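Chain naming follows the written order as A, B and C, and within any one chain the residues start at number 1.
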Amino acid sequence: MTASAHAIRQRLRRVPPSVIVVSVLLAAIVLLAVFAPLVAPADPNNQTLLARLKAPGFTYRGVTYWVGTDDLGRDLLSRTVYGARVSLGVAALSVIVSTMVGVSLGMLAGWFRGWTETIIMRLVDIMMSIPAILLAVLTVAVLGPGFLKLVLVLGLTRWPRYTRVAYAQTLQVSNLPFIKASELAGAGAVRILFHHVLPNIAGPILIVATAEFGLMILMESGLSFLGLGIQPPSASWGSIMSVGRQYLERAWWIVAVPGVCLFLLVFSVNVLGDWLRDQLDPRSRSR
Amino acid sequence: MKPGLAFIASLALALMASTAIAQTKETLTIDLPNDVATLDPHLQWNTDSYTVYRNIFDNLLTRDSGGKIVPQIATEWTYENDTTITFKIRADVTFQDGSKLTAEDVAFSINRIIDPALKSPQLSQFDQIATAEVVDPTTVKVTTKSPYPALLAQLVKLSIVPKAYVEKVGDQDFNLHPVGSGPYKMADWKKGIQTELEAYDNYWRGEPPFEKVVFRAVPDVSTRIADLKTGKADLIRDVPPDQASTIESDSTKLLTGETERVGYLYLNAEAGPTKDVRVRQAIAYAIDKQGLVDALLEGYGKPINVVGAEPIFGYTEAVEGYPYDPQKAAELVKAAGAEGATVEFLTSPSYPRALVEAIQQMVNEVGLNVTISSSDQATFLKRRQGDAENAGGMAFGAWSCACQDADGIIFPLFRSGSIWAKYKNEKYDALVDQARAILDEGKRKELYTQAYEVLREDVPGLGLYQVYALYGAAKNLQWTPSANEAMFVMDMSWQH
Amino acid sequence: MLNYTVQRLIQALVAIFGVLTIVFVIMHLSGDPTLLLVPQDASAEMIAELRHQLGFDRPIWVQYIDYLHGLTQLDFGMSVVQRVPALDIVASRLPYTIQLAAGALMVAIGIGIPSGIIMATMRGSAIERILAAIVVTGQSVPTFLSAILLIFIFGVTLRWLPTSGASELRAMIMPSIALGALSMSTFARMSRIAIIDELGKDYVRAGLARGLSLGQTVFRHVLRNASIPVITIAALEIGNLLAGAVIIETVFAWPGIGQLAIQSIQSRDFLVVQVIVLLISFVYVLTSVLADLVYVVVDPRIRLVR
């Protein structure tokens, strides 16, 4: 254990420049989202109907719209900055929800085996064989849209991936001598799972979670794009783009600004995730 | 790209374009948002379906370009008494399978659509009819349950189907292989993709203008517009007003039709903060209709004072509207003690989002707190038509009965007991009930003016604007859109 | 082996049955289509009447048993919207999705696997870096964004390709690229990893020591051995492509089952949705069973106890 920790520390010292760049980018986007009220030049929901669909750099009544306005004359820069909150928030929270649900179920299945295992793992099979986006569209039809419901929908449709990993890892770990020992010493299942099993399977779970984080951002924007996401007048990058799609010829910036942001965000997450996987998973390590 | 390559490419494009034009002389291609749901005209009544099947079938009656009800399959009709009306049927009409259209087919069509066994969603439009009987081969007698002035307006929507054929092939097969007496017969139906029609050469009104008509399903507006511009489509429906300016070009033009459809705002008079009439009036004062029309509809619409537009019977200019007066609105909100009260604005992706958001801001500015709840259409309808308590405070709608009669608008919207009404006023109910049950036009008109006056006072709903239907068309297509948004290919032609 | 196959197939059946049940329950919780079917001026009694005629006023378990009973006779029910057997509707749309998925798979494999091979064999070179960046880019562009970009550039501005529909073969190009981009990245990564794994094995070293060039080794031995994991990935990607088709088909108005699924969910056309979900999960389950079996056949050391 300590030997590999040492190796990781060694490798961390040789961080490639691309990873540093995307980390800075990611940090910048997160900061933008957190400090949106300070960064955004205007109220993201304030409409000026006389300044609709204006190009970047347009000035109206002493207000300059640096990246233009949308179809209700709202400042696109401010909306994009606030949109980061929704896109990141939904993705982060739904990853947390699905990790918690998925990992708990996976550990239970791997620890107790028997019927618990059968039921949980068959449920995983079922969930995995319904396309996630269809399941999400179906669930939105029942729950209705909105920020928290979106988190719930995405979180509850994506947990099986974590369960599979947590299950397989728990099976391996549960045979380790020190865990057998603490079981004999009379420690309860919950205690063993959380204190001994969880820390040992955290690495692989982290790999899944980073990959899922990127996917969640795309799923949220996909749902918003279909008109099933966040409630107006709030907006996520996906929903701004879905509005802008109609104005592609007249006002390309409505799609372009959040589109570029969305791409940079997912790109950063993916590059970072790849690097993290190379560090944590010796099998795919190649450099 | 190298200049040489660009030249070759543009040459190739020009060649392709010229062959495309040669082909369109024979074929008219129309882009609709969706494919037909059913081609059996007695099943689904939604715009995309009837736009197609009304070209395959004839209706008992129709409307001329001025909106007047005129003969089609029926040549004349007489009221025997308030509940009985006889129709004379044309003798020179044949169905596309060669058989003759007779009174038998007309009576069969009426009785078929009101038969519960068909499970027709359109039943409610015809349920005032008790029965239809054949008197002789060219005469049909229709009996209504009570005097029903809107009967003729409803029969404009009744397609005549061939009795012998339907009985022979059965309902399910008839839906897949419909046979009518209209100008076009079904050639090929690729479900969800396109419906291809072919001219019926023996059509009784003369030769149809195009050999083939293709209705394609293109859900995305931008794609429909792109299709028009690239010459893949000759006519497209449902152009949003703020895309209108992109339609005009060397090869394409914009067609506008001032329709009977009204954009209106529903206000819940039975629950929530809007239960107080002052709050509803405040909302009426808070909305700048002209501003909405100018900015969001780019002028393609006309502000109105009542929930009804000029082409409908019963429309009146006598009722005053609410002027845009945010100050007065704010005072009314204050007087009602509703400052900061939360009003839920129900909507769905089927309604114009920008308009909903603009109204939200206007109402927020006078002191209310409007929150938008956007769900899918099924959920929206369930709430909007359900209990008043759960039906939100306001909602946007765009209503047309395609019957050009106030009865088709304000009766279903505001008569207590109707699924849409979250409002009860006995005086109003009496007025619209009476107007529905008499045939005297002058008297009906007066009743509707009074009813509109009551609605102005109580504001259970607010007329916003008359909708202009916008179509994009190839430059050489000749067609005048009608108030009821019907698209009869018979009325279209190539310009020479 | 036989035991394992039987066990896997039983699990697959259980999964499909579960999918069927879960989707049935969720769909019915979301309400029924009656309100969407009636004309706007229908009265409450008329709505109740039609709901009764269509059978949506029965308790959900009665409807469920009724549905299962139909299924045992291979009757998938009628679409309430189109009044046509649900199976026919899906069957008429399926060829379009298969066509699109095949196109996307061609894009994904045609670009992904060569990129993977190059990245694996030219490690550390500038070409590898560039390809790696392209692969991550493909993975990071939302499908609807690439769809919009393609339509804007090649459809609206340059007018080289049709913007929508399925009326000609050229119309397939843009949706195939947009849909294939994500899978392309998967193939590139997977083939890269598989080849690197193989390259580290003794027989490759031996071959190189015997004086074979790297290119010869790769083409004679490595590719064949590395292709097995890649084939199983291909099988699993088919399921992903079907799911990705939902958004792509909507944007390009491609008349496949993805677009049909969204429309049918929105119009609450339950039985059509059921057929589609059943079909997709069937394909998914079948391909994953096959993938597992391929693994076991190829590498008997793997014994899956799941």
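Throughout what follows, contacts are C-beta pairs under 8 Å (C-beta built on N, C-alpha and C of every residue); 3 or more make two chains touch, one makes a residue touch a chain.
Given the structure is predicted, the values throughout are model-derived calculations rather than measurements.
Q: Weigh A-B against A-C on C-beta contact pairs and write down the one with more.
A: If we tally the contacting C-beta pairs, A-C comes out ahead.
Q: By CA centroid distance, what chain is farthest from subunit A?
A: Relative to subunit A, the chain whose C-alpha centre sits farthest away is B.
Q: If you average the CA atoms of subunit B and of subunit C, how many Å lie between those two points?
A: Spacing between the chain centres: roughly 38 Å.
Q: Between subunit A and subunit B, what's the gap in Å when you average each chain's C-alpha atoms?
A: The mean C-alpha positions of subunit A and subunit B differ by 43 Å.
Q: Report, in whole Å, the distance between the mean C-alpha point of subunit A and the mean C-alpha point of subunit C.
A: Computed from C-alpha means, the inter-chain centre distance equals 22 Å.
Q: Please set out, as single numbers or ranges, the residues of subunit A touching at least two other chains.
A: Only 141, 245, 248-249 qualify.
Q: Multi-chain contacts in subunit B: which residues touch at least two other chains?
A: 222, 376, 378-379
Q: So which bits of subunit C are touching at least two other chains?
A: 30-31, 151, 156, 250, 266
Q: Mind pulling up the subunit B residues that touch subunit C in the complex?
A: These residues of subunit B touch subunit C: 9, 13, 34, 37-38, 40, 43-45, 116, 119, 121-125, 127, 171-172, 175-176, 190-194, 216-220, 222-223, 226-227, 229-230, 232, 376-379, 381-382, 385, 399, 401, 408, 411-412, 417-420.
Q: Could you please specify the touching residues of subunit A with respect to subunit C in the complex?
A: Touch residues, subunit A against subunit C: 121-123, 125-126, 128-134, 137-139, 141-142, 214, 218, 221-222, 225-226, 238, 241, 245, 248-249, 252, 255, 259, 262-263, 266-267, 269-271, 274, 284, 286-287.
Q: Residues of subunit C touching subunit B in their complex?
A: Interface residues on the subunit C side: 30-31, 33, 35-44, 46-47, 49-50, 53-54, 81-84, 89, 92-93, 151, 155-156, 159-160, 162-167, 250-253, 255, 259-260, 263, 266-268.
Q: Can you name the residues of subunit C that touch subunit A in the complex?
A: Counting only subunit C, the residues touching subunit A are 11-12, 14-16, 18-19, 22-23, 26-27, 29-31, 123, 136-137, 139-145, 148, 151-152, 156, 193, 196, 239, 242-244, 246-247, 250, 261-262, 265-266, 273, 276-277, 280-281, 284-285, 306.
Q: Hey, which residues of subunit B end up touching subunit A in the complex?
A: 221-222, 240, 242-243, 245-246, 291, 295-296, 349, 353-354, 356-358, 360-361, 371-376, 378-379
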